[in-house]
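In what follows, subunit A forms one complex with subunit B and a second complex with subunit C.
This part shows the complex of A and B:
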């Protein structure tokens, strides 16, 4: 049940990943029996002895590959943070024309994108598809396609012309990976969106007992709403556009969620034997983040990573958590900078 | 990184990670002395450990120059009880705390006057979250984790991005951040942290009764909180500060490239250098590219 056959087709030219998740390449009905197939989690070593597959090292090496490919392309490149993205599930035939019409109305500072989930093996277009593709290209719309069946030339052509990425999913877990690859903002093409100052309001939360007429539900409501700073109308939730004066209303956490794209942390370096033999480096027994022991059962140094800035050592799991979810180095944040 | 709820113990087992503010600049000017504060906190920690046999407590000290772990109730050294008296916990915590304070003071450098003397809250919060992730990975059953911040120092604006990152990560892992603010002003960071993650924020009116506030508000485990009337968030301030003056504003201008917040209209963004209203073509051949005209 390995995906040995078939290559991954990717606009971004990623290298082949041989060691896929053990359960991810099974069909849905097979997954119900995975718990009983315990023999699959064993493999033979050089002397023919059986040992369990080292999932942690596999997982960590997958993660490092992912990080390297992300960082090599997007180190100090400007990202398009304000995105207007349409996701097309291919039940419509003239999707590109429709999307082009919608995206023409958005402000000039927004980046225009389309993500098409495509599983058919042919297209049925109302006009000349090449004309539509050129129209999208002129409107600066970045089209990406995720194929569920086979690779198609027309999709590849569309993505190449508009600067998007084309990938074909091999199985469910791969499909999830491919979709999530579109979640971080893509590198911005400078001419596509004009830089602009957008006026936004930061409303205060109304006091618990206040009564006012809500502008979205058109009825009186008690407490727990937000007051537009310009026209004082009440909105129920954020982020939204004020119904009365059209001001974009956000709260500062909504903007703060994107800050980790702007201030990424440096990847940690793997600890090599030269690090350990260096008499100057402090011999750290525990991971700085979670206090887990960095020594393996034989009291020899186990696998670890080190932050290039603060020089603290971290375990592999903290490395993954810090770079994928937390986006802060605990070591750097625990040192006062002068 | 989702936690698996099916791996939890019974409802009322908790892991409380306490972030203790040891900033000497704050404690030297506080009405409550640090030693009185510690006696309230130690009694509170002991009470949490007696509420349930499987409860765990971890204490991280938030200093002015550094942060470090000072106590872990699940480590073997701290588990011995002597004749039912106040366990070894107190002495080991106090000893480690003293070592930490000495080390923290030695790291002090000359600081210019007038700077806000904040503690390294983002560092200890990040460490707490790493520890909690380790607990999630521990395999078999694990307790409900939560974080309790005992902070008095003012907010340091340079830590804003790091604290928000930590808050969102806590929200994603469903870890509530409770906060008890001991200072005189208000801490917007603590209010936001508790609001976003679903924790409780409270500023005690009378610091002499701190132990009572801690026991009645912060000692309850997460499951029982739905049955108890806890202080509600009163007007959480979500307004942003402008990057140019650091004033709180309720209407501002956002750069579409780097999301910097300004209070007045500028021609150029001071953070990313984008010129507003023009296509940002760095290439000198501006004549080759057509000016972007609004599409009809």
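This part shows the complex of A and C:
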């Protein structure tokens, strides 16, 4: 039942590999009548004609809604960036005990979290589950559950008690969305929200072809490893904690990447079509990101967004790319340089 | 919040109100204005109680010159406490806004078992022994004795209460039973007698149905209530049965044996009194010559039960000469008991009208009708004279006299049925003689006549037009409200076919068909694998439940069910069932999941809530018709047809469907809750059955869900559960408001005013 899962430091949106095998299971997952009812998503326009289904716009509006809901709460909150997150796939309560045991040892600057992906409708526990939940609560482990079938009282109770979130996936895409919701770091727990200096090592990547015994798998490996700067032990992947001296090993891009969680780009405002026609903004007929025209094939103004800071216009694709992958606004950055 | 309904300012203790609560209040207000009776159906979980309380108290506040009193009848002590707790919130709110002039006195009245604070008395195990224990310490002759002899035990709480005399009053406020006990303990006054005394001054009295409907109790407790009172029967869907039970008596062999023992004890007592103090018996004789009207002057502690017949039917004349002397009365009772035991010896089922029974009684045992009528009062008087305090020992002879008085008083609406054995177990002789009342309107008539407004309300009163006929009254308002919901949180389904597409039903000719039993098993099995936490499964009867579970056990279905969820079963034993329920809840809490097998019309179906995760799905297996071969039911049906022109089929369907609605209604107790209901019988898809369900269920029963097979139901269940697990907005979207704030309500009020004026 409890396939334990990997531990991540600074776990950004990197849960995908674990998620994959779940999705594999979900191939047969709810192929129900509704999936085939494509006719229900048809819409009529004012004259009674069928309107083409605009997936692009639909997707974009969904994305914007999500962005807004994420950022509305995010103003100036200290966030727990260093997360020790266990992903448990289909839990027994035993798993919760295990996780509690593992997470108890980690230092207080790290955030202890469990994300449980759960499709069963019942649990069977070795001890009293209520005690386990209280234990997790005491050791400040934030437990979140994503259910796949229906709402269960015990999961809800667990999440409520430990400050996690509980959600139930409707279908595959919703499930993905729910998992991604866990990617941005949660607000820091008040008691631990003190400034802390953390010792970290930035190991060098070992030369190609060098042979050494890695400390995590206990076997000889050729090339592609990292050497701990303090004890020279070899680790296979970053980020991790050195098995020998316990130093936190990260690479600088990891740290840099988590930066955007602290200072996210403000969401872009939507541009009304009248605004686009305004002769004063004649220059911005093109997207600042990709330089594509913002006009429709019929030479009418299409949908566009504007950065509230630098006032440059962007197309929808660039909007998504900037907020989800790039995490830098090209307009603002170029402004700074000049 | 505070708002206006016509000329009444309503004080409502919460910031938001449901639209249906508002409508409910408007209808109530009209009823009160019209000084008539009404019948209102509104689903549970919509805040019926608070709507009722806040309107009626606000109505009283707006009309300070009329001495209106609210009598609120509940079925259980638990409901009584809940009502009082709600009233308390309301009262605090009203005081905050209106100041001390809004003060009222509200008390709950229950039996001594629930109110006594004397540790030696309340330790007794049942109600009757607590009553008797109290009487042993507080009866007038015991207290008279105690004043001479200090060794005789008395109840200090009662003594203190008596000493305080007129100073013993409750300050205004709302008192739950617990607070009443605490108050009594603190002051050293008996809370029970204090409550009984305060009932006549209280603005709101909350007590059980029996205190108004059962003439034996009502005669003592409720006789001083003024006409302007408003009487509320909450959860009143079974009110006709309560009325009938109040006037029905059954006599078994044990009753007769016990009565014989009682009689010999009484005769010993009489002999003892004759030897020591014959003057007491003579004094009683003289009193009886003058008539029984002396009852009213009895001290409060000696007054325990009054006549079982309704107040209008009690003769106000002297006791007939042949039972005035104690010995003679005893002879009459002996002959009566002998005659009854002779009748019980019969081999066949016998049915007789009271008139016929009285005739044969008079020819065989020489007891005439008038003598019978006086039995109860005569016995009461005799027991007082003989200074008997352990009244719980004398229940048997009381039952016999109860029977005699009723049979002597009523010629119509009753029948006497003697059954030598239970029809379901013909090999075990268990003779029983039943005097069963068929006419629910008899017991409730005095209530309708006496009080200005009687409100009958419940979550399930459908079909609402049948109740006025059954209870024989004319409501000024009868309405059924639906629930306004932010999301479709109830999902009723009618399942007509099993997984193999064959029809399922508990019809008599189909119920034991192995295919049907297997299909029901498969249904449950499929459901336990998709529904989280608790499932409740109702069967039509204990015997059917036993049979079907046995078959499931043999075919291994039960084992498979247990892989997913634990199984708990309701039994006729209360303790066992309570334990099962406790463990069921624990299993639901801990995430193990559980199924509860229960029986429609059982204790669980009537009183236990399976809200939230304790009941995500309720399956009603079959249509819970009454046992149609029961002689009592047949007699009642015949009477209903002859007197009220209600067809047998109509009544049976009505009765079955209200039970079914009651069962499935267990899962929804609030709007935030959600649950599914499966009616698993092909007969539910028929219009005549279905249409009798309450409108709040019907409005959610989509046409697509009327004729499902197991696999389709399974699919719907999956979708529904996922949809319900999503977060939602509690106040509802702007076009469909389900929570109204004060401003919105005022706007609504203006709007409806406009509509009315046009």
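We take it that the second predicted complex is superposed on the first by the 221 of 338 C-alpha atoms of A that agree within 3 Å, B and C clash if a C-alpha of one lies under 4 Å from a C-alpha of the other, contacts with A are read in each partner's own complex, and residues count from 1 in each chain.
Keep in mind that, in the parts below, a residue touches a chain if its C-beta (ideal position, glycine included) is under 8 Å from a C-beta of that chain, and two chains touch if they have at least 3 such contacts.
Small disclaimer: the values here were computed from a predicted structure and weren't measured.
Colleague: Which chain, subunit B or subunit C, ends up touching more residues of subunit A in the combined arrangement?
Modeller: B
Colleague: Quick one: is A:321 in contact with subunit B, with subunit C, with both, or with neither? Answer first, second, both or neither.
Modeller: It touches subunit B, and subunit C stays clear.
Colleague: Based on the superposed arrangement, let me know which partner A:262 touches: subunit B (first), subunit C (second), both, or neither?
Modeller: In the superposition, A:262 touches subunit B alone.
Colleague: Would you check which partner chain A:102 touches, where first means subunit B only, second means subunit C only, and both and neither mean what they say?
Modeller: In the superposition, A:102 touches no partner, neither subunit B nor subunit C.
Colleague: Thinking of the overlay built on chain A, is A:168 touched by subunit B (first), by subunit C (second), by both, or by neither?
Modeller: A:168 contacts subunit C only, not subunit B.
Colleague: Is A:121 touching the first partner subunit B, the second partner subunit C, both, or neither of them?
Modeller: In the superposition, A:121 contacts subunit C only.
Colleague: Would you please give the residues of subunit A that touch subunit B in one complex and also touch subunit C in the other complex?
Modeller: Common interface on subunit A, subunit B vs subunit C: nothing in common.
Colleague: Taking the complex as given, what residues does subunit C use to touch subunit A?
Modeller: 529-533, 564-565, 588-593, 612-613, 616, 715, 718-719, 721-727
Colleague: Quick one: in the complex, what on subunit B touches subunit A?
Modeller: 1, 64-69, 72, 107, 109, 120, 122-124, 126-127, 129-131, 133-134, 137, 159-162, 164-169, 172-173, 192, 196, 232, 234-240, 249-259, 261-262, 265-266, 269, 272, 274-282, 289, 292, 294-296
Colleague: So in the complex, the part of subunit A that touches subunit C is made up of which residues?
Modeller: Interface residues on subunit A, with respect to subunit C: 30, 32-34, 93, 121-125, 128-130, 147, 149-155, 157, 167-170.
Colleague: Tell me, which parts of subunit A touch subunit B in their complex?
Modeller: That would be residues 78, 81-82, 104, 108-110, 139, 188, 190-191, 193-205, 207-208, 229-230, 247, 251-253, 255-260, 262-263, 287-292, 317-318, 321-322, 324-331, 333-336, 338 of subunit A.
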